[in-house]
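There are two complexes below, and they share subunit A, which is joined by subunit B in the first and by subunit C in the second.
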Partner chain A sequence: MEVEERDPVSGHRTTGHEWNGIKELDTPVPRGVLIFLVITHVFAVTWWFLMPTWPLGTTYTKGLLDVDQRAIVEQQLVDAAAERAPWIDRIERASFEEILPNEMLMSIVQSSGHQLFGDNCAACHGVDGRGSANYPDLTDDDWLWGGDVETVAETMRVGVNTEHPESRVAQMPSFGRDGLLNREQVNSVAAYVYSLSNPDYSTSENIDEIEAGREVFLTSCAACHGANARGNQDVGAPNLTDAYWIYGGDLQTIVTTVHGGRHGHMPTWDERLTNAEIKILALYVHSLRVEKP
Partner chain B sequence: MFHNLAPSWSQGSEAMPELFHRKLERSAIGFVLAIIAVASVGGIVEIAPLFTIDETVEEAPDMRVYTPLELAGRNIYIREGCYACHSQMVRTLRDEVERYGPYSLAVESKYDHPMLWGSKRTGPDLARVGGKYSDFGMSRILSPREVVPESNMPAYRWLARNSLKIEDLPLHLEAQRAIGVPYSEEMIENATRDAYGQASPGSDSASNVKERYGAETQVRAFDGVATNVTEMDALVAYLQVLGRLTDAAFEDTAAPEEPPEPIE
Partner chain C sequence: MVSTLTTNERLFALIISALVSICGLALAAVGRQDLLAAQGFIIMVFGLACVFAVAQGFYEPEPSKERLSSYYDDPIKVGIALAMAWAVFAMFIGVWIATLLAYPELTFDQGWASFGRLRPVHTTGVIFGFGGNALIATSFHVVQRTSRARMPDQLSPWFVLAGYNLFCLLAITGYLMGITQSKEYAEAEWYADIWLVIVWVTYFILYIRTIARRKEPHIYVANWYFMAFILVVAILHIVNNLAIPVSLGHAKSYTVWSGVQDAMVQWWYGHNAVAFFLTAGFLGMLYYYLPVRAQRPIFSYRLSILSFWGITFFYMWAGSHHLHYTALPQWVQTLGMTFSVMLLVPSWASAGNALLTLNGAWHRVRDDATLRFIMVAVVFYGLTTFEGSFLAIRPVNSLSHYTDWTVGHVHAGALGWVALIIFGSFYTLVPSLWKREHMYSALLVEVHFWLALVGTLVYVFAMWNSGIVQGLMWRTYTEEGTLAYSFVDSLVAMYPYYIARAFGGLLFLLGAIVGSYNIWMTIRATPLTSRREIDVPQSGAVVVPGE
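And now, the complex of A and B:
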């Protein structure tokens, strides 16, 4: 075999193998690729020593740089907290009355509140806080538990119908399904409630039904919603005389509500959010409201 | 054959294959051994740590197992391919920890067969979504455009209409036990009843679920209707328990000034 034989065209060596006059070229790996390969190998081996790499049974090689991602992220969180501390502290210590007129703090509330709202609240109340069917609109003036900033913050903290020990508790009983009212009574009280926000609904034809509904209302509903049906924010009973409805204010939906009851739920944010974050959110929700004409 | 080495050094890279490759290639057994050695590196790196997995996964004595209803929800999560767009793994990065909560620990996936860490986030991470929204909020997210008009997530409204197949849950529990999830004989026998009970508050079966799976177990009509058990019940029950099987991750980061020890 002629190992030294060179191919006249490429100038490369042949392997010396020959099949019926066809010879095999022994073209070397291009030099660029070879250099790249060597560099990556050198890098990889260096990396083994610098970073955590090889598993060793119950432990692993820790590396010379002593890099620990968990320690890094903990440090970053500490740094981030320190970075925010000046204004978080101010928001935490200041009362709502002090923060509201303070433009600097309110601009922080706006930017940081928008983020917090989008992550935590928007899933139910909508990105703009306007709620939707079955979720309260946070931008209007109608509040179940009270709409001043302190009360909103407290509602966020404990939630409604949650496992929190101080949770707000409110339940609309299922008057029809549980047999507290018969079908006729459900229909008449629904008609009465409907007529409260739609005065035109009451005509000489259905005035008897509405009157009967008023009687039912006074015995069964007034305890929570009040004799004047204006609701009671101490027990989370909504005002039934206005145009704001969570579950819908048409007659059919009111019948459904009286029949099957409602058992709303708002999560408690006590563990998930810090005090300052709840404060920021309460202020942010407040600002959503005042921005409206 | 080496007498021409000297001139070929001057021609650079042609010398290296000449020196190592030719030698190696011509020793059949040596070459086979070399191939085995190189090919096994990948295998060893993946397999060797599994031999000591019992020592390397964190301790979490409060770790619960999935209830039959949650397991059924998990199966729906897999069936609908939720993992293709949602991960279940909070990484050790500042923005993730600030947004989702403490980074995920290995022990939290201890009873996940198969694990659903995922590798793509078209939607947000779900590792700590349990308890973040109300049940109704969870089920409504499954009609995404009602919540976020520009969402590109598919709607899953029919889950609320499909009744859940609960008769075969004992078999699912048994399969999980075969691969190491500590379900007791009693849990397996009562799996169907427990699945019904967890979604039917007030029923006799409901109190049994808490007895068997711990007081932390959430017993509710997850889809808002107590009278039947739907696939929505199962999926919402599963979503509501994500990140809540153990508090281990929260305990570790409760004191940021003391970062957790690297696993020894």
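And now, the complex of A and C:
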């Protein structure tokens, strides 16, 4: 080993070690590295003095700035609530009739409702509120429990088929599976229901089946859906004569629905959202509908 | 393979393989009401395959004594092949799940193909399958060369390599079946974890024994890093995976840690897995293949010392920066943040040491894509460690945490640093190990380099943009003091970045396939070198026998 060996490129000495051809230079640590090292350590130590840092058994060094992340969060929540208080109070106190014509309040409803709807409702009803398979469209005129703002707010508060004591309750029985109707009756009543929204379906060929279906409908379905099949919002029974369908309006899906029944669910938002937030969402949903041409 | 084992070793190999298959059978029997049975079956088949492999060569003639005056390279060769196979597989899964984020229907309604199952397949496959096999293979190579000593026996390296891959196999098949202990980067369940402890301790002992046999007065830097990697990963793995199985017949277990302690142990593990698996291990690789390829001495021995002890000491404290603004007490967060800041200079000292080593060899960086792989890896290493310290600062973290910025940061490290240093090392190692003149195609190395670099840049830039957009959207308030965007709005904004990310990942995957082909053809279709380089433990001297 030649200790005085020098690297021709850098001019530095080697350490005199060699591993399978690899050598090392004995270059001193560059001054910049040491300066930078000192700076980061000074920063860290200063930070230790300012912030809660070192554990001391049951407590810890609190730091000169007396910062506590829990206190900060609590203060931030108080500040945020105070910032929103003026308009939140107004929305909580005012009736829907008073809010609807108020442009200032309605613009707040638009901006905060968008986020509330996106984070709480959009998973089922879609970002635009147009629903999806098995979840109702909120932008149309067809409502199970009523579409005025108060009723929509109440539906949000108690939910549908939930554990809330005041929950809206609705169930369409499984007529076929539970043997309330036989297969022929299920098919005929489905044909009748289908013909209500598809008048072209009533041809001379299947007029008899549709007639038979009408008889079944009057005895088995009219109690909820009404003799005219236009539904009943008191019991959450949908209108069967229009073009709006939650589970699908084709003949096969109607047969499936009559056979197996339906038991929809919407969560209660009573404890998850504040009263003001529910009001904002009801108004926001309302605005989705009126904006439609 | 078997022909290089002594008769005694063949016997031991046979016994160990048989024991493994019996353990597998036992697990399959007691776990027959559970998914554990399927895992036991895999263990049994693996064990039986080993039994057959050993039995086939059992009566081959004993290896000659001459073998002891050469290095033992067979397990290294297999390790390289396994690493490349894992790379292609796990990167393919990565591209798949990246695409899944933009097109969620690509699960084809299969439970095993859901994001939650495929994601650990990707992370485990890349980190442990690709990275781990590469580390094992290169560490076997480096420790023998820099110690001028052959590994002490022929069986332990095979046990480590095969056992480690059995662990990876169990982990990944388990995830696909829905087995997980829900700890990030430590999802494998108790039976696989116990097995890994056995394998890993063998690895550590093998490494120490080889170093103990060295004929050099000093231990080379690369070995410091490899030893730190092996030792600390064992500690991390054992502590984080302490768990109690529901029963010996169930795959499910519950961790002994609870609440915020569990979170802290998990991120102490998670962060130091980055530190000692993905950093220390690969720095070991860097410290050998960089000076070899550049044909330059290491810039500064003193800088090596400073950065090694800085990294090993400071990293241990930094894990809590993963839990800023959580239930973790603030004083722990402060420690995590400040130690992350102090970690920056030792980390950069490594990168600087590597780049300054290239002084006098920059013309080689220009002409040689292999050296360029190593050089760019160092640049990404410097970039990522800076970013890591930066993201650990609490106010910065409040913007970046939970966003794609973190994903971008991780991939700048995983693609830019870890994968590129592996490729650079493999392109250096493969021709010398198989005694070829050169790689099959220098052009394909060049193609691989550009695919990998462009893929990494596209990926990382997409995630930086996406992460910052996400972070800003989540904290934007309206004049009235309510959030301006819903979470879904931020998802919609991510869409183009998700597509770009999948494209970047695809380029990187294509590069890995090109690299695998090139390595394959080097082994199969490149002539043997005519040079007679001396690559033996100690030229002309008597070697201490291994047994």
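Following the convention adopted for this analysis, the second predicted complex is superposed on the first by the 260 of 293 C-alpha atoms of A that agree within 3 Å, B and C clash if a C-alpha of one lies under 4 Å from a C-alpha of the other, contacts with A are read in each partner's own complex, and residues count from 1 in each chain.
Following the convention adopted for this analysis, a residue touches a chain if its C-beta (ideal position, glycine included) is under 8 Å from a C-beta of that chain, and two chains touch if they have at least 3 such contacts.
What you see is a predicted model, and the numbers here were worked out from it, not measured in a lab.
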Taking the superposition on A as described, I'd like to know which of subunit B and subunit C A:Gly57 touches: first, second, both or neither.
first
Could you look at A:Asp68 and tell me whether it touches subunit B, subunit C, both or neither (first, second, both, neither)?
both
Classify the contacts of A:Arg13 with the two partner chains as first (subunit B alone), second (subunit C alone), both, or neither.
first
Applying the touch criterion given at the start, work out whether A:Asp119 contacts subunit B, subunit C, both or neither, answering first, second, both or neither.
both
So, does A:Arg272 touch the first partner subunit B, the second partner subunit C, both, or neither?
first
Have a look at where A:Asn134 lands relative to subunit B and subunit C in the superposition and call it first, second, both or neither.
first
Quick one: classify A:Gln76 as touching subunit B (first), subunit C (second), both or neither.
first
Return first, second, both or neither, reflecting whether A:Val29 touches subunit B, subunit C, both chains, or no partner chain.
both
Go through subunit A and flag every residue that touches subunit B in one model and subunit C in the other.
12, 26, 28-29, 55, 68-69, 80, 119, 122, 127
Taking the touch rule as given, give the residues of subunit C at its contact with subunit A in the complex, in rising order.
145-146, 148, 216-218, 220-221, 288, 291-292, 296-304, 306, 325, 329-331, 333-335, 337-339, 341-342, 344-346, 348-349, 352, 356, 359-360, 478, 480-489, 492
Okay, in this complex, where on subunit B does subunit A touch?
1, 4, 12-14, 16-17, 45, 48-49, 51-52, 55-56, 92-94, 97-99, 101, 103, 131-137, 140-141, 146-148, 253, 256-257, 259-260, 262-264
Which of the residues in subunit A come into contact with subunit B in the complex?
3-4, 12-13, 26, 28-29, 31, 34, 55, 57-59, 62, 68-78, 80-81, 119-120, 122-124, 126-127, 132, 134, 265-267, 272
Residue positions on subunit A within touch of subunit C in the complex are 7, 9-10, 12, 14-15, 17-30, 33, 36-37, 40-41, 43-44, 47-48, 51-55, 60-61, 63, 67-69, 80, 83-84, 87, 108, 111-112, 114-119, 122, 127
